[in-house]
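Both complexes shown next keep chain A, but they swap its partner, so chain B is in the first and chain C is in the second.
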Partner chain A sequence: MNKVVVASATMTPFTDHYDRDIRDLASEAIRDIFRKTEIERSAVDGLVIGSMASMSFTNQGNLGALIASENNLNSASFTVEAGEASGQAALRAAYSLIKSGMHETVLVLGLEKVTDIVKLPEILSVVNHVNMDSRWEADIGLTLASSWAMIAKSHMSQYGITREQIASVAVKNHYNATFNPFAQFKSKLRIETILRAPALASPLTLFDTCAAADGAAAVLLTTEEKAKSFTDQYIHVKGTGLAHGTLRIAERDRLYSIPAIKKAAKDAYEMAGISPSDIDVAEVHDSFTIAELIALEEMGIFEPGQSGPATEDGRTKKDGDRPINTSGGMKARGYPFGAAGIAQVVEIYEQLLGIAGERQVADANIGVTQALAGTGGTSVVHVFGTA
Partner chain B sequence: MSIADYWRLEAPRFRLEATKCTNCDKIYFPPKRVCPICNNDELIHMDLSGRGRLITFTKVEKPAVEFEYMGPYYVGIVELEEGIRISASIVDVAEEQIKEGMPLELAFRKYYAIGDEGIVYYGYKFRPPL
Partner chain C sequence: MTKFGYVSVEDYVPLVGEFAESLVKGKIFATKCKACGKEYFPPREECICLNDEMEKIDLDTSAKLVSYTIIHVPPESHSTMAPYIIAIGEFPNGLKTMAHLVGVTSMDDLKIGRPMKLVPQTLENERIVYKFVPA
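Then we have the complex of A and B:
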């Protein structure tokens, strides 16, 4: 069977790009792929785009045809949508296209232009309706923040973790981002600042979540055989898992756990032949601070209830023993929804090739990415390796 | 939400009308047209009691645009007497009064209106029993 590899990876800075529209962002990420890599545009026979809500944010659909035709790509092109997990879901689709032999070289583009909607409550409405049960939760007044708040309360009472431990996720991710030139926030954040910020939904505040951002990220997937013809800078895609849970938070048995993450991780690890202790570096979903803590437990990186204390102790900092979100995560690197899942791969690509600069983790051979839509609707996990 | 959608939702939104599978007796709320366990499409309509208790809650301080007019407000998960759990807005309750486990009952309230002259949407919320 074909071995699928990531043979190039790049991203635009993630921030509010008021001077760029969705086509500009896409064209810049694609430009950088072909600048960095000795391959012609004509060699790309597939383009898969991960985008969460381009219709709602920019009034443009069918990004596959738009971006392919605007960028001189004569490739089979389409968009994958899986809420906030769209980028990672697009990667999974691209992987299967190559694994099946249907395509040889597929460009995966994560893309989101958010800030043309300038009012935060209007952005929130889009994000809530896409990722929650639109009719039975978002439409009756629940928000993603209030859903995560109820999850945080449940996790705190189940395991006795503290509010400060939850906030320490944001402190850590901001610290990591100070070493990332592409990050939205390159400033440190203090626990007190998070706790005193305006409330979102108790116990969570504005600084427990991300800011609006635009951006694009791209990775080039191809076979190992093909990659060898133009580069020695590639990493292997070793495993993929995707699982779902109910969109309605009211129907979850235990709010402190997210079964979709556990299932997606288990499937990806089995396919890759690894166990959680083999993971050297991981990019996980941290749209809200509490999300990262639960992800680390469901992914087996820490025992249930232990990710809060571990984060507070600095174990997940870029220089800790279990480095998580070395890029700064969605919290600080920035979170243009569909683009974020591909930016996770960009970070793992750089880490495994040893080109992550000041963010570099020592001896990184196995890297993992994890995405999540809403509070557990869809989770996608990928495992990458140097061999 | 469109006017047709609103019309379709009147029964469940206004009086918690569920559907029940005539084969396995499972009750669905939100209502389903087909029981996915039995693949049975003969479901009967039934109104839920509207009585339940509060499982968990939080206060929404940053509402989405539709609900800005009523923020801040409480939302929570309500377990109905029939064993079904639904999300809802919790109203007529003071900060010192709201707590997990408290009994609640159905209340009929305004959700939101789209624009200054748009249709006003109504539906269920929950309040402490009168």
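Then we have the complex of A and C:
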């Protein structure tokens, strides 16, 4: 069977690109891939785009045809949408296209231009209606912040973790982002700043979540055989998992756990033949601080209830024993929805090749990415390896 | 005609229309599968067992508070309402739903397990929703 590898990776800076449009961001990422990779554009026979809500944000659909034609790509092109997990879902689709033998080389582009909408409540409405049950939950004025707030309260009461431990996720991710030239926020954040910030939905504050950001990220997927013809800088895609849970949060049995993450991780680990203790570095979904803590527990990196204390103790910092979100995560690297899932792969690509500069963790051979839509609608997990 | 929801655009769905009409009369219905007996609230028109013959049943609107949050940063549709409380309540049949919790006068009303009741509330512009109130 074909071994699928990531043979090139890039991203634009993630920030409020107020003066650039969705085409411009896409082109920058795609052009950078071809500038730094010894491959002809004609060799790329597929383009899969992960984008969450380009219609709502920019009034532009069918990005596949638009972006492919504007960049002279003669490839089969289409967009994948799975809410906030769109980028990682696109990666899974591209992987299966190559694994099946249908395509040999597929460019995967994560793309989102959010700030054409300038009013935060309008951005929230889009995000809520994409990722939540529109009729029964989003329409009543529930937000993702309030959903995560209820999850945080449930997790705190179940395991006795503290508000400070939850906030320490943001402190750590901001610290990591100070070493990432493409990050939106390259500034440190103090626990006190988070706790004293304006409330979003109790107990979470403004600094428990991300800011609006735009950006694009791209990775080139191909077979190992093909990759060898033009580069020695590639990593293996070893496993993929995708699972879903109910969109309606009220339907869940337990608010403090997210079964979709556990299922996606289990499937990806089994396919890759690894266990959680083999993971050297991971990029996980941290749209809200509490999301990272729950992801680490569902992924088996820490026991239930232990990710809060571990984060507070610095174990997940870039120089800790379980480095998590060395890029700065969505929280500080920035979170242009569809682009973020591919930016996670960009980080793991650099870590496993040992080219992550000041963010480099020691002896990184197995890296994992995890994405989530809403509070558990869809989760996607991928496992990457140096061999 | 009174429509269901704060901003829903799905007025054409018969079940949603009937649900709104029922709320206007002060009645809240759930649905029950005629084949396997599974109950749904909010109501559904088809069952996960693949049967689509459902009957309407009166919902026992007493509920226990499972969780809540106070929303300070609302979406556009609720921009004039914040801060407001959204709660999850569990009904005697084990089903849970989410709704605004109004009529809270003390912290006792926000204790987990606190008895509540689901009631219809008419909004402006001929719209109607359901909300929890402390019981």
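Criterion: the second predicted complex is superposed on the first by the 387 of 387 C-alpha atoms of A that agree within 3 Å, B and C clash if a C-alpha of one lies under 4 Å from a C-alpha of the other, contacts with A are read in each partner's own complex, and residues count from 1 in each chain.
Going forward, a residue touches a chain if its C-beta (ideal position, glycine included) is under 8 Å from a C-beta of that chain, and two chains touch if they have at least 3 such contacts.
Every value quoted in this text rests on a predicted model; they were computed, and no experiment measured them.
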*asked:* After the overlay on chain A, what do you see for chain B versus chain C, clash or fit?
replied: clash
_chain B versus chain C as contact partner of A:Ser96, first or second or both or neither_ = neither
_Contacts of A:Ile140 with chain B and chain C, given as first, second, both or neither_ = both
_Output check: A:Thr193 vs chain B and chain C. Expected answer is one of first, second, both, neither. What do you get?_
neither
*Touching A:Met150, do we find chain B (first), chain C (second), both, or neither?*
both
_Partner chain in contact with A:Thr178 - chain B first, chain C second, else both or neither_ = neither
*Report, in rising order, the residues of chain A that make contact with chain B in one complex and with chain C in the other.*
119-122, 124-125, 128, 135-143, 145-146, 149-150, 153-154, 198-202, 248-251, 255
*In the complex formed with chain A, which residues of chain B make contact?*
1, 5, 9, 30, 56-68, 70, 73, 75-78, 85-89, 111, 123-125
*In their shared complex, at which residues does chain A touch chain C?*
119-122, 124-125, 128, 134-143, 145-146, 149-150, 153-154, 198-202, 248-251, 255
*Once bound in the complex, which stretches of chain A touch chain B?*
119-122, 124-125, 128, 135-143, 145-146, 149-150, 153-154, 198-202, 206, 248-251, 255
*Can you check the complex and tell me which residues of chain C touch chain A?*
5-8, 10, 16, 42, 67-79, 81, 84, 86, 88, 96-100, 129
